[in-house]
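First subunit A sits with subunit B, and in the next complex the same chain sits with subunit C.
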Partner chain A sequence: MANIAAKRIKREFKEVMKSEEVAGGSIKLELINDSWTELQGEIAGPPDTPYEGGTFLLEIKVPETYPFNPPKIRFMTKIWHPNVSSVTGAICLDILKDQWAAALTLRTVLLSIQALLSAAEPNDPQDAVVAKQYREDIRLFNLTASHWTNVYAGGPTVIWEFNQKVQVLIDMGIDEDQARVALSTFEWEIERATEHLFS
Partner chain B sequence: MSAESDMEYSDNDGDDYDYYGEQDDCDMEAVDRTKSDPEYFLYTCLRVEEVEKLLNESIELLSNSLQITPSLAKVTLHAYEWNAQEIINKYKENANEVLVYSRVKSRSPVLQASTSRSSCAVCANTPPMHKYSALACGHYFCNDCWAMHFEVQIMQGVSNTITCMAQDCELRAPEDFVLSHVTKPMLRERYQQFMFKDHVKSHPELRFCPGPNCQDCPKCQICIEKNGGCNHMQCGACRHDFCWVCLGDWKSHGSEYYECSRYKEDPNMSSDSQHAQAREALKKYLHYYERWENHARSLKLEEQTLASLKSRINQKVMAGEGTWIDWQYLWDSAKLLKRCRYTLQYTYPYAYYMENGPRKELFEYQQAQLEAEIENLSWKVERAETTDRGDLENQMDIAEKRRTTLLKDFLEFHTTTASSSKV
Partner chain C sequence: MGFEIKRFQGDVDEELICPICSGVLEDPLQAPACEHAFCRACITEWISRQPTCPVDRQAVTASQLRPVPRILRNLLSRLCTSCDNAPHGCNAVLKLDSLASHLVECEYNPKRPMPCEAGCGLVIPKDELAEHNCVRELRALIATHQGKLNDYEQELAEQRLVINEHKRELALLKEFMRAMRLSNPSMRALADQMEREEVVRWANSLSRARVTRWGGMISTPDDVLQMMIKRSLSESGCPPHIIDDLMENCHERRWPPGLSSLETRQNNRRLYEKYVCKRVPGKQAVLVLHCDNTHVDEHMMVEPGLVMIFAHGIE
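Our next item is the complex of A and B:
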């Protein structure tokens, strides 16, 4: 790995460790290997959002040309959010693309991703289905996002109705994650979701 | 009908009819192109040197009248879409506003330089004070980091719009600042090439030529290069399959009747004037010439394919992946392709001199069949290692049969007369 990249990551790692956010438990950063090319981030779901109480893991890959190119980051924890792919976890955030600046750090990036959870940008979506729901039925979106946070990120809000519906599809022999995506996509209507899954 | 022959009618349309929606389609051609076709406009073709001269004139004008560096002049011209007069007027009114709008000066006051030079914010190193530099915004970074930043940006094709490395700073690095940090000749050259392209794109009166050899993908418009002999093209960006000769979708070439090779004579020609006939004759000549030349170029590229195939086979044999005999079919296919392409190339002069009639129709039919099969073969040879061997050999057989059929039907006549005259 390039000298500058390793040196930068080491310094940024220390910066995050000393930060007040780590002390307050709102972000975390761990090393995955000794060569400083892969890290794992962790952010807490911001308060007063459907993600509150959840813990979201992020995969961070540091390119050879870091910090002149942005780090590659995706959600490892499944999340229902207009700017994150519900399938791959890819994130649509300007500072991870063309608005990246070499002077930005992992700490600022993690905080920006956390901020994205409080303020979605439905007009610049990564997941068109989620974005459409966000724009057209914010109440159902919030419920769905809370449900996902509960199931995948350890959030506290249990929505029994959704759990039961997912169970109905599981009993039909459908994979749990697939069932949840289909139900979330088709406004939790079992008939439309199954029609989609079996078509 | 061609654009030229429309001019024959241009005397008649002083009346300014509104043809849209009122007349039959067949009358559309009688309308002046500038009125009937909103995309039609007059243009001149320029060579690269002429474009450079044109751009340099604007740069010089601006840098002389405002007493600024050519580098700065370029940034402002790019920002104001090459309207030098507008820049001069605005600059005299409010120079600061022009520089802020061009993103070479920040709106907010410049940072205190001394506070930001304890260590480089990008690499965390602490080089001596004189090894730092900054744009007008005062965000100081060490020179090594600037050099790396520019290298990464240039490699990604960015030139005019490279920004400062600080967060949320949108200031752009002018050419002289970039070049003072970039030392590698290859990078400097690349940078200047991209600058040139960017300038042409930002200039309201310049466009890149959409003609052959400057071709864009007909679907996604990205620039493409023909890197092999095959006329069945596939865009590297959007995977669109199309024909190099007519730029149409390749789908209409595969199963249906292939007729890019055939020249279609204008049926109304006999009623036209002598001038129109002369133009038609030139058009006919160019049709055949262009195709002849295209296949000549393809033939050259097939030679490269042949050479690279040979070295690949050698590599395989050296690596113990079979013997030369196992791979010889690849070599044979490339050689056959070359032979077919050669024949095809010279069918065009032959067709040009043929008289109209059923025999020419038959010839052009067979020529089209041959061409279609050759493009299929060429496509498969270029992807030889991923194509099934049986499939490839089958294609070789088809192409060779088409070639010999065509030659038998049309070449035999000459050879027999030639040999009989010898006797």
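Our next item is the complex of A and C:
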């Protein structure tokens, strides 16, 4: 790995470790290998959002050309959010793409992703299905996002109705994650979800 | 790319750190409006990808970057750093501005060029000196030279081949021209005309010469002298169809009746001044060309002209 990238990442790692966010438990950072090319980030769901109380893991890959190119970051924890793919975890955030600037650091990037959870951008979506629900039925969106946070990120809000509906589909022999995606996509209407799954 | 921050004594102010490489600023430049400073190498690399300030994304182009203010340069130059060769045993602690001059002469530099003292005369990096073997190095040198020599020889052989081909083609062309000349009278006239014009053109390109001592004339030049003059004629652009005839005419045995012996030469001395002489470039010799000297008596002139070589006295 290029010297400059390793040097930067070492310094940024220390910066994150010393930061008040780590002290307050809102972000975390861990090394995955010794070559400073892969890290795992962790952000807490921001308060007053459906993600509150959840813990979201992020996969961080540092390219050879860092910091001239942005780090590659995706959600490893499944999340229901207009700017994150509910399938792959890919994030749509300008600073991870064309608005990257070399002076940005892992800390500022993690904080930006956390901020994205509080302020979705439904007009620049990564997941069109989620974005549509966000625009058309914000109440249902918030419930679905809370439910996902509860199931995948350890959030506290249990939504019994959704759990039961997922269980109905599981009993039909459908994979749990598939069932949840289908129900979330079709406004939690079992008939439409099954119709889609079996078509 | 900046200096490793660990090399510096004490804390380094955040303002002196490059936001790109996170090292201490090296040869810094700053953006014009926002005045954010970066290492020259770092910001140049960034701007080649994206013409913005890496801190605040204001538009910046490479030509707009300027040197940082003196105060920043002074703060940087006052920082105390260890030498690049500290891992090799150098304990020097230097002001940043004297690091460069120290590095040039730092005796711990593993790459410092050292002359081999065993006598082979090669200059080698210090860290390779212990492993250095004069015979092996010189052998390698010989091998590379031998390789080059072989390449040159091969090239020479190829060039010879090309030259031979050209010679053959030239001979064929000459033969062809000769045949044309013989078979077609108008062609012969045309060719003669062209040859005459070529001689005149060449004669006009030469500068006039004045002979101050006609007595210095060498009437029986030896082969070496003749060869030297011939080469000079050829280099001056002498048309090839007359060069051999001209050179034949540099010896008194081929000179016209008025010049053919010491006696006739003495009798005709006063006629010499009528000659229009041209300088053979760089040589103590003159050309008396027929085309320049149509006014001279017939017994003093031959075709296509005379070459007169002198011991001295040509201006």
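Rule of thumb we're sticking to: the second predicted complex is superposed on the first by the 199 of 199 C-alpha atoms of A that agree within 3 Å, B and C clash if a C-alpha of one lies under 4 Å from a C-alpha of the other, contacts with A are read in each partner's own complex, and residues count from 1 in each chain.
We adopt the following convention: a residue touches a chain if its C-beta (ideal position, glycine included) is under 8 Å from a C-beta of that chain, and two chains touch if they have at least 3 such contacts.
Treat the numbers as computed from the prediction; the structure is a model and nothing was measured.
Considered on the superposed subunit A, subunit B and subunit C are sterically incompatible, since they clash. Look at A:V168: by the touch rule set out above, it reaches neither subunit B nor subunit C.
Contact with both subunit B and subunit C is seen for A:P67 once the two complexes are overlaid on the shared chain.
In the superposed model, A:A6 lies in contact with neither subunit B nor subunit C.
Of the two partner chains, subunit B is the only one that A:T108 touches; subunit C does not reach it.
Note on the superposed arrangement: subunit C collides with the subunit B stretch 132-140, while the other options among 6-14, 132-140, 186-194 or 204-212 stay free of clashes.
Shared interface residues of subunit A, touching subunit B in one complex and subunit C in the other, are 4, 7-8, 11, 67-69, 101-103.
By the touch criterion stated above, subunit A contacts subunit C in their complex at residues 3-4, 7-8, 11-12, 67-69, 99, 101-103. For subunit B in complex with subunit A, the touching residues are 121-125, 139, 141, 145, 148-149, 151-153, 163-169. Interface residues of subunit A, counted against subunit B in their complex, comprise 4, 7-8, 11, 65, 67-69, 101-104, 108. Residues 1, 4-5, 19-23, 36, 42, 45-46, 49, 52-57 of subunit C are the ones that touch subunit A when the two sit in their complex.
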